[in-house]
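Here the chain labels run A, B, C, D and E in written order, and each chain numbers its own residues starting at 1.
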């Protein structure tokens, strides 16, 4: 009786839907192709004027000098400094928050705190920029007088604070979706909450956690305003976090909102930097995927 | 009326259980009430459990068997909004007292659940999880524990060649036996079993039942079961639950051959198989 | 050797099953093999199932019972990396043929699983899920279906006042009966049951068993069970699986009173209860 | 015969419990860090901006005079932007996640798409601006409209939604799907009626994070060419507009001290909008959240 | 207060515009330095012509020219004259344009409030301070009587119009001291100089005049005695060489074809001076605006 009710339309849906969904998935690919195309032509013009070898081997980034030097390394170093500092802040704090919320906090606490933290992720980055410059930097300068007005430390920490809710929130979801029965199994063996969490729940949720970290760090790499406001704009190669830096993104903003003439080599350099950044995140993501797959094999 | 009978029960016990009644008491439950929010799930439970005995808890679905057995190792606390009154003494200390550390309790009191719940790890890692968290690191001892526990749970032969594969590749029955092995690995004092064989085939069930008989020499076992034959076969005492109350608690022989309460008799005779 | 016996079985059937053998065949399985990756889980299965009969599948844990029953409605396809050869005819059409729409098949062939798996929705929504996806929208008809199905699964009285509460608040046994009700709601032709009573208490089990007897008047039922008594009590034919092979398939009386194969006998006599 | 030394186990117990308690404290402190930062930020912004926040501020357009400057165009513009971004990014994001988790076969195309998505998450927003300018503004001739900016922004936040939705869908237990298939439900019905409802909390988390980002972004819109000053309200998605963070950015870079207070007031408005949006999502999320 | 209305020479024009209600769009983009002037002009213009939709972007001088070249905008605001590369591209695309001057921005050199010794600098001293010589610079290197302490430099970002102009007239295209702290945001520089006792920095006049109480301004001696940057000295050209003009570029085609663009451009020229003053810049001498008006008249023909 029920079978007869089936309409032809439904069968067609089953064929159409996957194709539609495939199209939506393909949009991300089109976006990437679009980005590459947008970047590549201007990048070619740039490399027509500046040798690609110099770009990667030269240790100085001085595009505005009378004898300009285009060595991307200092910008990469600046970006890495920010990313590492942000990771050092965001990963432990974010994971600890996720664990606290999913394993220790009462349902009520959880429901209150999680959305509050998510507000942190939505504060305009320019607000964070001034927060870093006018609050975090002075506090840090009280602690370490040798710290410059513009430095890598303060924006790094603030970028960490900005991406922390992303890790906390997404990891918390991953932890919560580990079945309750698995936790019960561990508790019943006399495991403490900590032991249950670290040895059973966390590994079971590892793919979600790694995904959240990669996502957050990608955002740290791509972050612009905080770094431009509080990090200064002096590209350098030193490993020192107390002095002024410049990141790849900050350079792109500097030029694209600045005075550089359209058609000048400087103008095209932002596309070359953008392309480098793109490749940089690509490599990092491939690496993260590899690591996450390795993790998963264990379980 | 139930209460009156409960109060008489010690006398009945001594009459019927004979030597067993002289053993030490592991658990003493008195006036235990439990609510899930508004739902009064356990009503004034009074039950004593004895060392080196198998105590069976039977009763229809939803009568509170799982609830009660989970209270014995305070797993029930994981459900939000649960309230208890009364007391449960384990080895003379009230476990419902919040100063009693649940981790201590659960190290003494192992548990096997109704639905198999292996960790998403290898078979080996599942078994050594307990010993490892309790501080055993010696690889040789761990290997021995794994073999002994898996043999104890009658699953060694099936998995000995794939100890490092994921436990989720096992069939339902195999998973449950693995969970039993995991519990045995911490060598507990009491083992709580919530319908441990409901997912097992008869041969494995038989092995587990034999194992229970074996284990009771050293441990005390409390088992929830639907299977009245199982209760009759392996337990020394049986408690019959109905709607959150203990209707009758007595020596297993008495319960099955000569129940005191009409409801017990009705339930027993509705049996089959 | 197994194969030889399999080939003789039609003759045995006709001798022993009598009238039942004359009924129409619902399923005809021939030379079915199944691999999970490298693991050869079903080996050359040949089995016919008949209309308006209860066919029981018994065998020890891990022998392939669940695998086989899941192949009958192609649920096995959800496991990645499964390969099959041979054929299974349902009402004379080979369901392993990829042109056969699984949705059609599964609308005809309902299934109840080993572990209760209600949707995280209300009790009511669980039951009407099937009818709704098949296009029934009339509220009155849906209400009727809910009542009829829940009564059929012997759970109506317990839940009739809380139809719109979440199904996860039910006990394990109640959840499983809800799943049975959910299956009945689509009024299938064949019902596959994978140890449907393994999480149920005896009273509910009895009700389900009675229900199975009732349902077989209109439907055909294939049931996997550990409980040999259950198989003996409710089935017309019984297949005994071992290590992925059908060792013996015959009229239930014959299997239990006079098994052909030594292994069957060993398994049967290892029984208890 | 005993392999486990009970007294040894008992001796270790206090230390294990202590570690548990200490870690619990640490986890709690970590949670407080986030809350504390938020509190400091809010305190600073509110004390600075509350004076400028009044009815006129909400009803006026931007002005060169701090006391007359208002946020109307930017507030309405941000709301318009969300009206485009929310449905487009959720539809595309959840659609992609469903495709990847439920339909995609394990082949190089799928892997390629996945790598693509996580990579897009790291592309700086300004690059999306360049893309939006080339594709939406110029090639599709959408001009500097709400639609062009909204589509650009949707692409920008898409990866966050996809990744969150994928995780949420993956976490739905397999036996729920089996139950649905077992009743003859088609794949799409199963996804729509069983998988998605169960995955909604996780999807919404992604949605909140994504929209929060979209509402606070400036750089790509600047590149797309969205003006900073506008003294009229958009009527359709094809009109041009401006948004809160651009207006705020503009004010913070003014030399006059009074504009810093106006900027703070603008931030308060943005935060209120943000919290309002989050609350809606959180209410839906809490309604659906269930531990299996 | 309304603008144009208190300027008698413009009143005729303004009235004519008011009686003739226009419609359509005027799209302007470009320099963030010019943005406040353009915003003010647009604000006033829309009070007289509510149906003309004027939008003002702020994507930088370079970004503004890029859009101008692509034909996206009617006016490109700039904090420097159009560059060779840009005008080549404009020719290539066949975009004819007219340069209009809007106002002056005076660059102010400032030090920390607690700096007791510094009052004025000569242009040579400025060069000595800011041009890199590979060594760490101390105050005593400039004048021996000054303290033997390291100087901290604060400068606008290399890609800003302010830097560009400073680079041209002071640095003469030689590299700036390497350890200078650069920021794109002038408010950030104010913070830096305010918080650093040995700081010296420069930025737009408006940022100094709004923060007079927090900063110490340095007079510049260009051979004719020390001159402090003030409204008057900048306008008169006395404060030299550190004041630069700000521009807008209008597409000839837009003026010829779009009535509202022509009308708006005229409004810009008539009101830029006064409105520039309001937002912190300095107006040009009157004859400069008259020259621009004449240019515009030519185009409208």
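Throughout what follows, contacts are C-beta pairs under 8 Å (C-beta built on N, C-alpha and C of every residue); 3 or more make two chains touch, one makes a residue touch a chain.
Each chain and its UniProt protein: A = Phosphate transport system permease protein; B, C = Phosphate ABC transporter ATP-binding protein PstB; D = Phosphate transport system permease protein PstA.
Keep in mind the model is a prediction, meaning the values are calculated, not measured.
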Query raised in the report: Tell me, which chains sit next to both chain B and chain E?
Result: A, D
Query raised in the report: By CA centroid distance, what chain is farthest from chain C?
Result: E
Query - Per Cα centroids, the chain farthest from chain B - result: E
Report task. From the Cα centroids, identify the chain that ends up most central relative to all protein Cα atoms. Result -> D
Requested in this report: Could you let me know which interface, B-D or A-B, is made of more C-beta pairs in contact?
Outcome: A-B
**Report entry** Euclidean distance of C-alpha centroids - chain A vs chain D, Å
**Finding:** 14
Report summary line: Whole-angstrom distance, CA centroid of chain D to CA centroid of chain E, is 37
Query raised in the report: When the C-alpha atoms of chain A and chain C are each averaged to a single point, how far apart are the two points in Å?
Result: 51
**Report entry** Junction residues of chain E, two or more chains touched
**Finding:** 32, 58-59, 63, 185
Report task. Send over the residues of chain A in touch with two or more other chains. Result -> 2, 14, 179-180, 192, 195, 253, 256-257
Report task. Any chance you could list the residues of chain B touching two or more other chains? Result -> 103-104, 107, 115, 133-134, 186
**Report entry** Partner chain D, residues of chain C touching it in the complex
**Finding:** 73, 75, 78, 102-108, 110-111, 113, 115, 117-121, 129-130, 132-134, 166, 168, 179, 182-183, 186
Query raised in the report: chain D touches which residues of chain A in the complex?
Result: 2, 10, 13-14, 17-18, 20-22, 24-29, 31-32, 34-35, 37-39, 92-93, 96-97, 99-101, 104-105, 111, 113-127, 130-131, 135, 161, 164-166, 168-170, 173-174, 176-177, 179-180, 192-195, 207-208, 211-212, 214-215, 217-219, 221-225, 248-249, 252-253, 256-257, 274, 277-278, 280-282, 284-286, 288-289
Report task. Quick one: which bits of chain D touch chain E in the complex? Just the residue numbers, please. Result -> 61-65, 137-138, 144, 222-223, 225-232, 240, 250, 252-257, 260
Query - Sites on chain A touched by chain E in the complex - result: 62-66, 133-134, 138, 148-150, 228-229, 232-234, 244, 253-264, 266-267
**Report entry** For the chain D and chain B complex, residues of the former touching the latter
**Finding:** 2-4, 6, 8-10, 12-13, 16-17
